[in-house]
């Protein structure tokens, strides 16, 4: 009876519970204080919200979009939480990565954060998670800003947590803060313009009004500010400069979590604004995508991959690789076809999984050897074969070797480009894989065939790190072997965003 | 000409928004001192507040308080509400930024960006 | 899932063997024994499929669907079975040889060597049995990756450089050309299955056929079509058993096998012949045949010479496919078998020479034949097979390819084939001739008195394969009846 | 079992013997076993009824491994004799390589002669090439190695042409049978080209005089017997009555003679002479009448024996005196009387003097030829006399004796046997005539041929003496090695010319790569502007720039 009532309650408030669980758990962590207990609370919260997101995904897949009015105020006046094919598809990724990152953090955070401050760390992590989930699920644009800032503020703190070991983390966090705030402010200015033009903040309502009203300069200003603001958050090419430092100096668990989720959520916001809110009705909007976003995406792929090749620090290398990967997703979005969009979504999930696992594996390497510099890791493949195998498997995913998730992403993007008749784009995407081969293989060659340093001391890697890393890697490999679920989810999302365009390909 | 002046004068607070925004950004771009950067950021954010509040202003409108009189024109309250949230966010950001500046000062002994960059350059292993 | 247990087993057993090899890493004898037994069992498994395929059955297995209409699936058809038989059969001999070679040379990291060796074989058999292009692509890349550690085995700067070239060209071509070709095919036809008669007819405007074929032809970098042939000589930094199996059999043959598969089962020879899509490839293959032979003549390093010879010989298969006639496909298929046996002999001999004398240059081999008569005799026979002189199997594949040039009305290519044979004579037969009939520097020509052969395990396998080339001459009809089952235009003749 | 043996041509007896040879002890026993092989081979088919045996289908090809008819029987006999003589001559040899090569070579030639289809012919055709080259290489040394390589390329080239030709023929006619062909398609022309190379046609036959003198003492004997005669057989079988062969044959008979006269190396001179003799046979085949074919075939038969005799004798000199240069030899009849006697018989046969086998067989062809061809061939006969009798005779019968040892007994025995056969055929031509493929009665010893032959020989003798007196005898003329060297240097020059732009291209490419890489590194390396950590102000500047670009776009 009680169980039934609980289930009913959960079913009814599912959209808000997804955010609420981590949001409530965060102060709970703060209060609890004991690091073991906080860890347990945080993990439980992330697992719960993961379960909820999965339930939400199933619900949306089965019954279609789900609307929830916060506090009972109906949209467009109240704040609406709205789960549709797109965000129900992204949500499990965020919560899922958190579910892996938290156990991983337990094994690794001791290096960065003093035991008595770990409750703070966990609550920041939960806040960040809550913010990201909130951004994704809310149906109100200003609410997006608020959640974005919640997650951003939490992530500045999280990045700064790496300062215990390397003081450069402070500076990285500071830069991140400045840039993130500028981005968020741009975003909020854009929202202001939108509100000026339409008088509403609800996404569905905005979309409706913008579709009927002619696009004037105000809307275009809004578009410009939002594009740049979100572009900054997702590390679009010339706005990416905060990212390498932030990812390199943050604690490993944070890097893994942020790399797999933060930029991905920003991409989601971009997709949401481009396709739902603006709907690309104005030729100017499409033009901007074609003339600005697409070239920037491609420049990003090539430039960032090239930079990654020359990096000596593995974490930095993969951070640059993340910038390059964001380029792939941007080009997919800029294709403006259901296939392109689906490709981007597949890429978001697959890259999230792969990069998360990769940063976890690299974290293990760093923890065991005390360095992430490639020149100090010669021949490490002989002493840590399994960790190297994990890095190799993830790296192959970045290159796009078959049976990895990256292959599916690349497949989807290339076939989307071909379908759209963009031969050169397909070629560029594939050519850039060679650059990925370049940096992945630098690691493999140095680690497996370099002369090992005999005096190196290898510290044992706690199982708490090994299991999540391999678990996430396994998930990513599974996504490469059985891509049907992700592909279908992405296709459904793309279809729902571009209903006027049919003919969805693989 | 008169139109132009009226247009400029009529959009006075929007012009202030633009000027503030540019000032804030300029400070962020040009000043090496981290605290000054945060200050610039603050000015930048303030410009956003101004922008929202101006947006909600209805010409001739009063404060959005329900007096019961019919036909009364009042300003749009929603942007004001929103900006309250934004102010909170701004404060939080400033707080975190300042906290970081403190930690940077502790570990580097300076909050001048070029000094810190120099330290980084010498720190980086060959 | 599967209707013949031997099909999954033949792919799995090498992997399991790899696992055992890893487990027995610190006990060399058990490890090597396991490798050998694994090779034999795999060969038996593949051989088990032969009667059924000959009888018309096509055992298949499907694991799961990866893309709509495309599963990770296997299907045994005659061409693939032939390739699998060769790969697994020669694995046994190469393992035998490798045991002798690696021990005699005192190589390090032998466990890793045998492990990746086993994975490579599994990949090769996976390629052979693939039911669709995607499955093939997966195993194709797996083969590239699993052979990388073998090529880089020595870990020296030179080895790493060679391995890098190897990897970049093979992965690069496959990602930049083969993958878009596959995606394009899938986009156009909605399927990737290998179907008799091809799948692109009606889905691809004939004007685009040469372009798609070009993507395939250059994408299959393992077929070493010029200008993407550099990886093959670069990979010669590998220990000789690797060169032997992987660069005479598994890797390169996987390339040309894929080429044939694409020609026969994706385009269909009819389609190619009607559209003339492969005419340019005929000429490029012809060019590669001659150019590689000429380069081979200038190489003094024995393995480099053999590598360029391989480049040249691989293009025979490509040529057979590009001619788009049945005799060409048969000639190409036969060339896979005949060249594999011949070239592995040559490589194993080269390795044997290295083990016994540490000599790598052709110009240093004078008189060695008198001390290593078995090795050099085997070399001579292998060379004959490469050239295509009876009584070695190579003659038949050359015969069918000649017929194919006639059937396709490309007489000029007939001249190319003839010229190439003569070039082969010059750069291959001169090696045993020098060894047997020129005196060692500073001495007189000696008798066959005192032998100084490589260890038995390094001599026996090439002798066996050399005998094999002769046996294949007399039993070429076995292969003939198998590959005559390949569905191509015009029925059998 | 019986069927199996019948279906295999006698070639397989040789091949089987070659296979077991290394197993038998290397000594007198082996020598005797060796001698028994040709005898057994001949015995195996001597009494068999004519017909086609060993018909099999293989790879969809209809093959006839063993065709016995008058023509192949005769050549089978000739090759058996040649093999016997060659093995007898080499009885002292203890070299397994040469022995096995000889057996395989003889077997392959026999197999080719008995081949009923072109594929089988091709297989044995290539086998003769491969086994014979061993006899050249076996001499050892750089010169022999190189000559062997040249020889092999040419021989394999002939085989490859045959292969291509038979493929074309098969595609055209659907038949692989080796029968008379007409020159009406590319296929038959290609096959003729293959035969022409092996028969050492003018311009295609340089390999002969290049390779034979560089082979071993015993190898030359063997080589001289089989390869070219196999080609003559193939021509007789495939292109009888083919008109073009008449002028070609005449040219062949005449052109090598100046070379033969000029060569200092007597074995080389003999090789040229051999080439000239082949011309006589080719003429006969070209005429194509039964008489002419009989002449060509009979001449080939006789030639195998007396030519072998000559090579044996010269080989004995080489073995005994250590040199075979005309300029270094003299007075050999003193030191090697037996050999001198035998070589005289061989030389006279060569010159086709009456009472020798050369005469009774050559005159068959002569009598079938038109007057013009006859005259030209007599002129060639005169030249042959000059080179064979006068030039060779000089080192035996004039000059100061050089130190040399008489040939071993087995050699002498082989020479004697050959001489005996040559004389026997010359004296009792009916013996051979009965074996010839066509049953056309002919009487060689009539006035005209005898007189003409004597006249031609006398003329040759006088001309030689006159030339010798005047010192106008030709000197060494450039042959195949010269041609190869020329081709080699030209090729190298071309390659050099081609290499230079290639090298420049490679350098350019390398520089491009290097500068490209270093530039990329400067851009994207850890300290490059792309990767460097910018001050946060510059980052913010980028935001403003991008915003400006976007807003600019809104005004477009």
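We call the chains A, B, C and D, going by the order they appear; numbering starts again at 1 in every chain.
Going forward, contacts are C-beta pairs under 8 Å (C-beta built on N, C-alpha and C of every residue); 3 or more make two chains touch, one makes a residue touch a chain.
Values in this document were obtained by computation on a predicted structure and should not be read as measured data.
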For the interfaces B-D and A-C, which has the higher count of C-beta pairs in contact?
A-C
Chain closest to the middle [Cα centroid of all protein chains]:
C
Rounded Å distance, subunit B centre to subunit D centre (Cα mean)
99
So what's the Cα centroid distance for subunit A and subunit C, whole Å?
44
CA centre of subunit C versus CA centre of subunit D: separation in Å?
36
Roughly how many whole angstrom separate the Cα centroids of subunit A and subunit D?
78
Sites on subunit B at which at least two other chains make contact
25, 28, 37, 120
For subunit A, residues that touch 2 or more chains besides their own:
174, 178, 182
What are the residue numbers in subunit D that touch two or more other chains?
533, 536, 538, 540
The chain pairs that touch are A-B, A-C, A-D, B-D, C-D
Report the residues of subunit D in contact with subunit B in the complex, numbered from low to high.
533, 535-538, 540-541, 544
In the complex formed with subunit C, which residues of subunit D make contact?
58-60, 96-97, 122-123, 126-127, 129-130, 133, 137-138, 140-142, 144-145, 148-149, 152-153, 156-157, 159-161, 163-164, 167-168, 170-171, 186
Show me the residue ranges of subunit B that touch subunit A in the complex, using the header's touch definition.
25, 28, 34, 37-38, 41, 44-45, 48, 51-52, 55, 78-79, 82, 85-86, 89, 92-93, 96-97, 100-101, 103-104, 107-108, 116, 120, 123, 125
So in the complex, which bits of subunit D are touching subunit A?
520-521, 523-526, 528, 530-531, 533-534, 536, 538-540, 542-543, 545-547, 549-551, 553-554, 556
Spell out the part of subunit A that touches subunit B in their complex, as residue ranges.
142, 145-146, 149, 153, 156-157, 160, 163, 167-168, 170-171, 173-174, 177-178, 181-182, 184-185, 188-189, 192, 195-196, 201, 373
